[in-house]
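Let me give you the structure first, and then I'll get to my questions.
To keep things simple, chains are lettered A, B and C as they appear, and every chain counts its residues starting from 1.
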Amino acid sequence: MEVISLFIPCTVDLFLPHIGEATVSLLGRAGVRLIYHKEQTCCGQPAINAGYREHAKKAAKHFIRVFGDDEKVVSPSGSCVGMVKHHYPELLAEEPEWRRRAEELSLRIYELSQYLVDIRKIENVGASFEGKVAYHESCHILRGLGVSEQPKRLIKAVKGAKLVSLNAADSCCGFGGEFANHYPDISESMVKDKVEDYLSSGAGVLLVSEPGCLFNIGGFISRNHPGKKVMHLASFLTENHKTMNNTR
Amino acid sequence: MEIKTEQFSEVAKKTLENAQSFAFLKLRANFVRTRRETALSTFPDAVAAQAYGAAIRAEAIARLPELLEEFEKNALANGARVFWARDAKEANEYIVHLAKERGIEYVTKGKSMVTEELGLNEALEKNGVKAWETDLGEFIIQLLNLPPFHIVGPAINIPVEKVRDLFLEKVNLKEPTLDPVQLGYAARLFLRDKFHRTRMGITGVNIAVAETGTLINVENEGNIRFSKSSPRTQISVMSLEKVVPTLEDALHLVRLLCRNCTGQKLSAYISMDNRPKKNDEIDGPEELIIVMVDNGRSKIYQDRLARHAMRCIRCGACLSSCPVYRQIGGYPYGWAYSGPMGQILNPLLLGLERTQDLYRATTLCGACKAVCPTGIDHPNLFLQYRAKDVLGEETFQGKKRPPMERVFFRVWTWAVTRSWFWNRASRMVRPFINKEAREGMLRRVRGPFEGWFRSRDLPAMAEKTFHDRWEEMQKVEGRKTEARR
Amino acid sequence: MKQSARDEILSKLKSAPREAVPHRSDRPVLKQLSLTRDELIEMFSKYLVQETGVVYRVRDRQEALEKLSQIALEEGLKKVMAATDDIVASLNLVDWGKKNDVGVMTARDFGSRDSYIDAVFEEADAGVTGADFAVAESGTLGLTHHKDRPRLLSLAPILHIAIVPVEKMVAVYEQAVEKVFREKENLPSQFCFVTGPSMTGDIRGVQFKGMHGPRKVIVILIG
């Protein structure tokens, strides 16, 4: 039986643990054995994004120590996976042994839908949902990892669900971590556009594969369009339809 | 040109509040994007074509000094003159001197971003030489004293009413009209007179070819060709990075430039200059003077990562693809270059300290990188600049970050490498964060988070983190296994 | 002795960290190279017409002159400035002009550069030139500038008429550039690729032809 090590990003661990639970449930259905390293903390994205590379290196090394011996690592966050795959090797470029370990790890780490569809060859996870849904293409997942077909295949295989097109689906929602807090005028304008596109798509639910996007779009919807639904793909696929407003 | 990079947020706010500007930007972005994609599809393999463009520019930058020497050797052998300028002061002084020496009253100028960097027009005018911008968009913003809105269409956002009023006042427009075509013809007549009598033309350079010493300009209007054909003196201002190895390379880049820039297979005019006119030619310049401008580039070149920014061929595709630019237009970027192009160039040319917002006001979405025909990784450059800033790196005038932030990251690093502390600390901080939680959502958290909470909620920190839930799930599993035995 | 700007700049560049020249994959193939001449002519015409260019095909010089007469009537041409390159010279336009009541000037008529420039800006209703190449890939003309084909002829008048024997048809820009730039010791002062009339979209993105250069381009293909 394949053994999968769960990488649950800090955003999910602390604020959206139900997505972690949904991930566990999904992978369970995929017939894998799960392990979860309690020593995991954060991939280091906040530090590298803020320019604190020396600090980010420490986070990277911790991560590699925690996950370095795992066969495969899977996460419900594309930006974190991207961080490990694309940034760890160059961050650790000057320490050849660490760099080698980072490069090896980068070959064994996957975003959730990427793992299910490409590695496990699963598209139908046995879920059902009556109605139209739309899918927002997160920047890190689409452009960072080249993952776009996989989530859509999983969605289309849900019995009763109709995936409708979302205008400017691949356009950034305006999260960008600190960006949303430091440049609120611009960020707000971007998320407003994204939500308008969602509202005019005719979909009853907006699906998102990235916790950051979920915070951003979900947070805006919670404040301004409280009746509307946005959820993580993992929640949708496990029919654990906890939206942002109901995370208990 | 005045540097306003420090007013980024203010100016962005103004644009966002200007509904007309806003609507225009939206429509424009979609239109330009579609047009570009259609044009690129005329390549048998657009991805390969873009990758090849990146390879050409990567080689050009890797071999920069030797290519510049080869270019100069050939240009001189052809009969051109080459003047090297370390900075704006040297370049401007030289060009002003040339104009004064020849008794020039006015020059006609083709659009040239490097001359905007230099502030050449101001230097000329201070010395009694009028500089007429002749590209229609540049002409309009020159008269309005505005910065460029977009590298390709500097005045494209200006409402037609404003252009009409401007032309009635300053361009001999006879009848008021809102027809852009009629307005354009008024400008044509006005500027035609300048072309007719100009004695000095100043243009930029799109591409300089090392193997032959050839200068290439790409345009649709004809104003650059006029500025190189009508006067007796031609001055071509080029920054160091414009050089490429061969004519074949240049042609490939021209194909990419036209498609990425204006969605055309080829612009109306591609003019390739080798030398001043031959003795028996009746028009064309009697002297062709190339001004080779450094203005910070040899410094940038010392940094193997930062120098990637020098690959840029100024096509502007990044502007049109950027979700941030699409909201705020060109003005907030505060200098000659705007959009992602400005975000990678302005910090290197002006210093990291005064361009803080330029490499931070981005979500790192990567749309720019995805369209760039020279393979520039903009998001990576932004991260590099942030890192240099944190280190207070002198070469690029990094500023060093506020003490609170530095303390925060020190604590954060300590926590991130010690999961026991990480978990305990989150538990401790939860009541503070969740103070004002209602129904599982936060509408406000005290501290520097006002930007977020202005328009968004956040889920409350979970009572049971995933860590906790996993522990529970394991216990339940353990009990189940026990029960089965 | 203070280092010259040139030496200072170059030495800074040379002392920077070197990097290996990245490997290039093969140049993307130019698909038009496999087309026949008729296919090239068709492609050339299609693309130039898309840019509002007008393309006529005639069999020989006689028909070309007849076509010119037709154009002169349609466009109301009173005076034109003609190149004296081989192609245009072979048409004997001065004679044609007399028969068609069109004044035909050439650069040679003018004693000074300034008087020539005045004429090409203010008197010529059209500029008539030959072309060294017609490039099918985008409906583009290739014009070498020299004493018999001054630059402003195809730029200042509002109408540009180009006479092009079909033998000048090529598929891609490289074929033109290869020939023009072959002799490094004898390069032309300027070579231009011209695709249709001058244009702009700088006012609210509204595109129109005839910004500073010609508003109309007519190509007469002979052969």
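Everything that follows uses one rule, which is that a residue touches a chain if its C-beta (ideal position, glycine included) is under 8 Å from a C-beta of that chain, and two chains touch if they have at least 3 such contacts.
Given the structure is predicted, the values throughout are model-derived calculations rather than measurements.
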Highest-count interface - the chain pair sharing the most C-beta contacts: B-C
Chain centroid nearest the full-protein CA centroid: B
Rounded Å distance between chain A and chain C, as computed from the means of their C-alpha atoms: 55
Inter-chain centre distance, chain A versus chain B - centres from mean C-alpha coordinates, in Å: 31
Chain B-facing residues of chain C, complex: 4-6, 8-10, 12-14, 16-25, 27-29, 31, 47, 51, 107, 110, 113, 116-118, 120-122, 137-138, 140, 145-147, 150-152, 155-156, 173-174, 177, 181, 184, 187-206, 208, 210-214
Contact set on chain B toward chain A in their complex: 9, 12-13, 16, 323-324, 327-328, 357, 360-367, 369-370, 383, 385-390, 401, 405, 409-410, 412-413, 415-417, 419, 422, 426, 439-441, 443, 448-452, 454-470, 473
In the complex with chain C, residue positions of chain B that touch it: 24, 28, 31, 43-45, 48-49, 51-52, 55-56, 58-59, 62-65, 68-69, 74, 78, 82, 84-86, 90, 134-137, 140, 153-156, 158-160, 163, 180-181, 183-185, 187-188, 191-192, 195-196, 212, 214, 220-223, 225-226, 228-230, 240, 247-248, 251-252, 254, 262, 265-278, 280-284, 292, 294, 298-299, 301-302, 304, 307
In the complex with chain B, residue positions of chain A that touch it: 8, 12-17, 20-21, 24, 36, 38-42, 44, 46-53, 55, 58-59, 61-62, 139, 143-144, 171-172, 174-191, 215-216, 218-220, 222-224, 244-248
